[in-house]
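Look for chain A in each of the two complexes below; its partner is chain B in the first and chain C in the second.
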Partner chain A sequence: MSLSARYARTAYLFLLPALVFFTAFFYVPIANVIATSLHTGPQADVFAGLSNYADALADPSVRHSFLVTLGFSGGVVAGSLVFGLLLALVLDQPLKGRVTFRAMLLVPYLTSVAIVGLLWRNILDPQLGILNRLGLDQQWLNEHPLATIVGVTLWQTVGYTMVLFLAGLQGIPETYQEAARIDGASAWQRFWRITLPLLAPTTLFVSVMAVISGLQAFGQAYIITNGGPGDATDLSVFHIYATAFKTRDFGYSSAQSVLLLVVIVLFTLMQLRAGKRGEVTY
Partner chain B sequence: MTLSRREMLQLLGASAVLTACAGAPPAASQGQGPGTFTVYWNAGHDYQAYRKVIAEFEAAHKVTVNFQKYQWPDLRTRLLADFASGTVPDLVEEPGGWVQEFAISGNARSLQDFVDKDGAAMGFPADWREATVSRNSYNGQVYGVQLHFTATLLVYNKQMLAEAGVEPPTTWQEFLDAARKLTKDGVYGTALNQDHGYVNPWLMQNGVRVYDPATKEVLTPVDQAVEAMRFQADLVHKHKVAPVPVSSTDYSGPQKLFSAKRAAMIITGPWDLGPIRQTSPDIEIGVAAPLTGKELATNAAGVSLFVPSKAARPELSWDFIKRVTALEVEQAATKEVGMLMPRKSWAELPEVKNDPITKAFSEALAVARDSTEEIRLTGQSGRYDEALKVMYQSVVIQNEPADQAVAKLRETAAGFLK
Partner chain C sequence: MVRVALYTLLGVMSVVMVAPLVYMVSLSLQTEAETLSAQAVLWPENPQWGNYAELFVKAPFGDFIVNSFVVAGGITLAHLLFDPLVGYVFAKFRFPLRNTLFVALLATLMVPFFVRMIPLYVLMAQLGWLNTFQGLITPFLMDAFGIFLMRQFIQPIPDDLISAARVDGASEFTIYRKIILPQTKPALAVLGLFTFVFQWNEFLWPLVATTTPEMRTIPVGLTLFNQEYFTLWHLTAAGSVILFVPTAILFLVSQRYFVRGITLTGLR
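What follows is the complex of A and B.
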């Protein structure tokens, strides 16, 4: 056996545990979900062909939950980009205590969505919550439920987005800013013409991750609103969960999962394409 | 033979892969081996009376009871995953309705052979109220045994009603009048639950049938269903005698407002009495008979026990059921937390007859009916439940027109009940 073949064999042997892990816990379950999506009945044991897919595409409740999810994802993406970048710009300045602020903003991200959900559920309760006890007469969970869970999600994740933008900001060479300053560019012009274009890879990464996590969101609807009031926060994954575990139709819920997977892959590809077009170098 | 370092690494890697690929040994139940008896239980029903039964059961059978406690939605998620994997618990407590659902789907084991053998000695079904046997049977076979048998009634704060000069209401109109008088100074006359399960007493009191197998329609007569929904929405949005409920998985909202003395009357069952007594022992609780709309009625509820069809040791499961449903255990649980029980002989116990609250609930069981049994027997109760939630919350929380919301629910239900 040649030396390169021996190296290759060794490399594959080291890769094997990871491959086994991913095969066992990702690829086999995905294949299982695809197989289940072709069946129907409480035990998902009756072959149904593609009828679950046809039903899902024609089901108004599936369409509604997808629109709710798009609204949620749009809010999370826009909020992550705007607030994450704003916070990064502020905390990139030589402020006193900025390290402490950065750490404080990151803490919610390190907390589980269940804890965050319960925390905000108790804060926002219109009757017994802290906000109303402090005199704020709010009914956000009833009047603006989707916007409220978007806000809670942003509160939890914006610290992480900020860290990503901070890393991006610190990767921009100071010489560009200095040259622009000497040329008489204003702060706004420097931000618009130098900082923002050079942050494009970070912006792309943040938006791709936010879209993926937004389309996959579940805990917010499950813990805070239970998908309600009515079906106002019936996010796609929550709808899939309810189809599987409440109405007990695993075949139908699997078909919806596969469709969601396709949507996520398409969104990601579209974003990566758009991001590549927007990349700049100086 | 000597191995080089690379060959040694390759050997280790290969053995690790083989170990990872090796299947787990087959398990009798829940993977804890033959010495473990796994029970899924509701987190709110962990009573001392049942702990004593567990200790006796463990001593008698030389097993360790793996007593796993869940909230109902989590218990269902876990159980359905277990059914799919084939690794099931030995015994399950369910919230009412699952026994027939799982009997239809083949996931629950018929207990008829055990009932035929031991029923007379334990008093089953003779000593159980009739409704509790039928709601746990399918195709003439018993699949579950009722553990608690409850009903929802009007629970009120005696002091608040006395101070407002209000008698406990008996009709919807009296209820509305009382709530109006009691609503003042940050206190609401009543509080509705965000959980759609609490809609059933209102529907029943207005003469609404949840499902008619002959016509395959839900919520008939429609105008009476709309009227019942509108009455509840009006309590919140028009008369403002109840706060707007908030959608969540928590059904203790009204109880918390009652305990905080922010609501004077709530419609609930005995499960809320313990938390009220615990958090606000100074509240003097009153319990009134079910309200009368077009008729006097309330819904029967309560939990049952069943054995999954793939449970490895059904005879042990049956023995646990016998022990935990014994009259003296029912008596101890009632004494401990005031829970209502399904045995007819339980209603004759001094703990029941001498306690005004337990007695009021016990008497209400006579008019309590299981309003959802007919829809459960279609095997589509899960779908109906989801559609009902959307309808209930859109009317009571979001104040959408009741006639449109009921029509939408009926249209959705027609799709899966055809």
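What follows is the complex of A and C.
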């Protein structure tokens, strides 16, 4: 056996577990979710063509859950960009105790969505919640449910976004800022003309990640709001979960998962495209 | 002036981030009456450490903890075992279909978990693996990101090191174990840390794949306990503290790795 054939054999031997794993737990399930989406009935064994897709696209509750999910993701993206960048800009200054502040801002990122959900449901409860018992008369989960779960999600994730932006900021060479300062550019001008354009790759990454995770959010709806009040926070994955495991309609829920996957892929491609166009070098 | 404003902003934000978690600890030490009293209790006068014991009486919380450690620990071990090996192959070997396989691997990064959820549930039901450890663990044995991370880390290791070992007659697996693996320790630390924390906190799959309280992990067991005993907030908070402590300890002892790990995810 030639040497290169021997290396190839070793390579495949080492790869074997991975080949089995990714086939059995990614590619076969993906094929199966598509196959199931073309079937109907309690066992999902009656061929139905594309009717699940047609039904889903015409179903007001599915359309509503997509809109809710888009609104949720939009809020998470906007909040991540604004607050993450703001905090990173502050922490990028030579302040005492930066490391401690960074750690404190990052702590909620370590918590499970179960903690986030249960804790904030308690805090925000209009009767039992600490805020109202301290005298604040709020009904946020009833009046602005979607914005409230966006806020709770940001509480958990903004530290992560901040660390990403901090790394991005530290990658910008000091000389650009220096040159602009000598030319008499104000701090405001330097931010808009130098910092922001050079941060574009980080901004793109943060927004892609925020969209992807926002479109897949589940626990917030499951734990905090149960999709309500009414269907105000009926996030797509929550809707899919309910269709699959409460209504027991695997065909219909599979079709909805595939549709949501298509939405996620389209959004990611669109953002990468926009990112390419916005790229700058100095 | 500017410094005062910046410190104020950081101070306020830090309080917003940390205060809810401190309140969670406070809540876990209150009596049920205190958690419900119109006069809010910020910190209980007589901390009720017994709440933690009560939690184990009201729910199979010992099982939750064991399950969480077995599942998150098992998945983490699997990642540490497989991800560097596969990363090594893609970093250092030439073989037919290499690029095709690598693209096929990276493509799985685009597949969110919810897409696999229903077919995996059906598969596990067919195998009789619902409500078992293997059912909770096997869907997450490896992941493309971990493999990619390890590949990036292994690539700069000089090829000469590997060839020299081959000339000396070392077996391929010995080369991997004795030469490659020891050099990847920092990356392995980040990989292990992130995998453990993410799996420890995972919610959707343990919710779908378990059917009895005895098999639940802490996040799921705690949430379903809360739904059942809706107003027992002192016990829910005690359970949340138990769920939070391991990740908090990991963070305290390895903050540097955490920050580096986040930055690495951003560099992909």
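Quick note on the criterion: the second predicted complex is superposed on the first by the 265 of 282 C-alpha atoms of A that agree within 3 Å, B and C clash if a C-alpha of one lies under 4 Å from a C-alpha of the other, contacts with A are read in each partner's own complex, and residues count from 1 in each chain.
Rule of thumb we're sticking to: contacts are C-beta pairs under 8 Å (C-beta built on N, C-alpha and C of every residue); 3 or more make two chains touch, one makes a residue touch a chain.
From a predicted model like this one, the values you see are computed outputs, not experimental measurements.
In the superposition on chain A, no contact is made by A:R181 with either chain B or chain C. Using the contact criterion defined above for the overlaid structures, shared-chain residue A:F218 touches chain C, although it does not reach chain B.
Once the two complexes are overlaid on the shared chain, A:T10 sits against chain B and chain C alike. Of the two partner chains placed by superposition, only chain B is touched by A:Q43; chain C is not.
Residue contacts after overlaying the shared chain place A:A242 against chain B, while chain C stays out of touching range. In the superposed model, A:L128 lies in contact with both chain B and chain C.
In the superposed model, A:G159 makes contact with chain C only, not with chain B. When both complexes are overlaid on chain A, the residue A:F250 reaches chain B and chain C alike. By the touch criterion defined above, A:D231 reaches chain B but does not reach chain C. Between chain B and chain C, C contacts the larger number of chain A residues. In the superposition on the C-alpha atoms of chain A, the part of chain A touched by chain B in one complex and by chain C in the other spans residues 10, 14, 17, 21, 128, 222-223, 244-245, 250. Those residues of chain B lying in contact with chain A across their complex are 6, 9-10, 13-14, 16-17, 20-21, 73, 76-77, 80, 83-84, 101, 105-107, 194, 243-244, 246-250, 253, 256-257, 260, 262, 379, 382-383, 385-386, 389-391, 393-394, 397-398, 400, 412. Only residues 6, 9-10, 13-14, 16-17, 20-21, 24, 42-43, 61, 121, 125-128, 139, 141-142, 145, 222-233, 242, 244-248, 250 of chain A touch chain B when the two sit together in their complex. Residues of chain C touching chain A in their complex: 3, 6-7, 9-10, 13-14, 16-18, 20-21, 23-24, 27, 35-40, 82, 85-86, 88-89, 93-96, 98, 101, 104-105, 108, 110-123, 138-139, 141-142, 144, 147, 172, 176, 197, 200-204, 207-208, 218-220, 222-223, 226, 231, 233, 236-237, 240, 243-244, 247-248, 251, 255, 258-259, 262-263, 266-267. Residues 4, 7-8, 10-12, 14-15, 17-19, 21-22, 25-30, 32-33, 36, 87, 90-91, 93, 95, 99, 101-108, 110-115, 117-120, 122-123, 128, 130, 133-134, 155, 159-160, 163-164, 167-168, 202, 205, 212, 215-216, 218-219, 222-223, 237, 240-241, 244-245, 250, 253-254, 257-258, 260-261, 264-265, 268 of chain A are the ones that touch chain C when the two sit in their complex.
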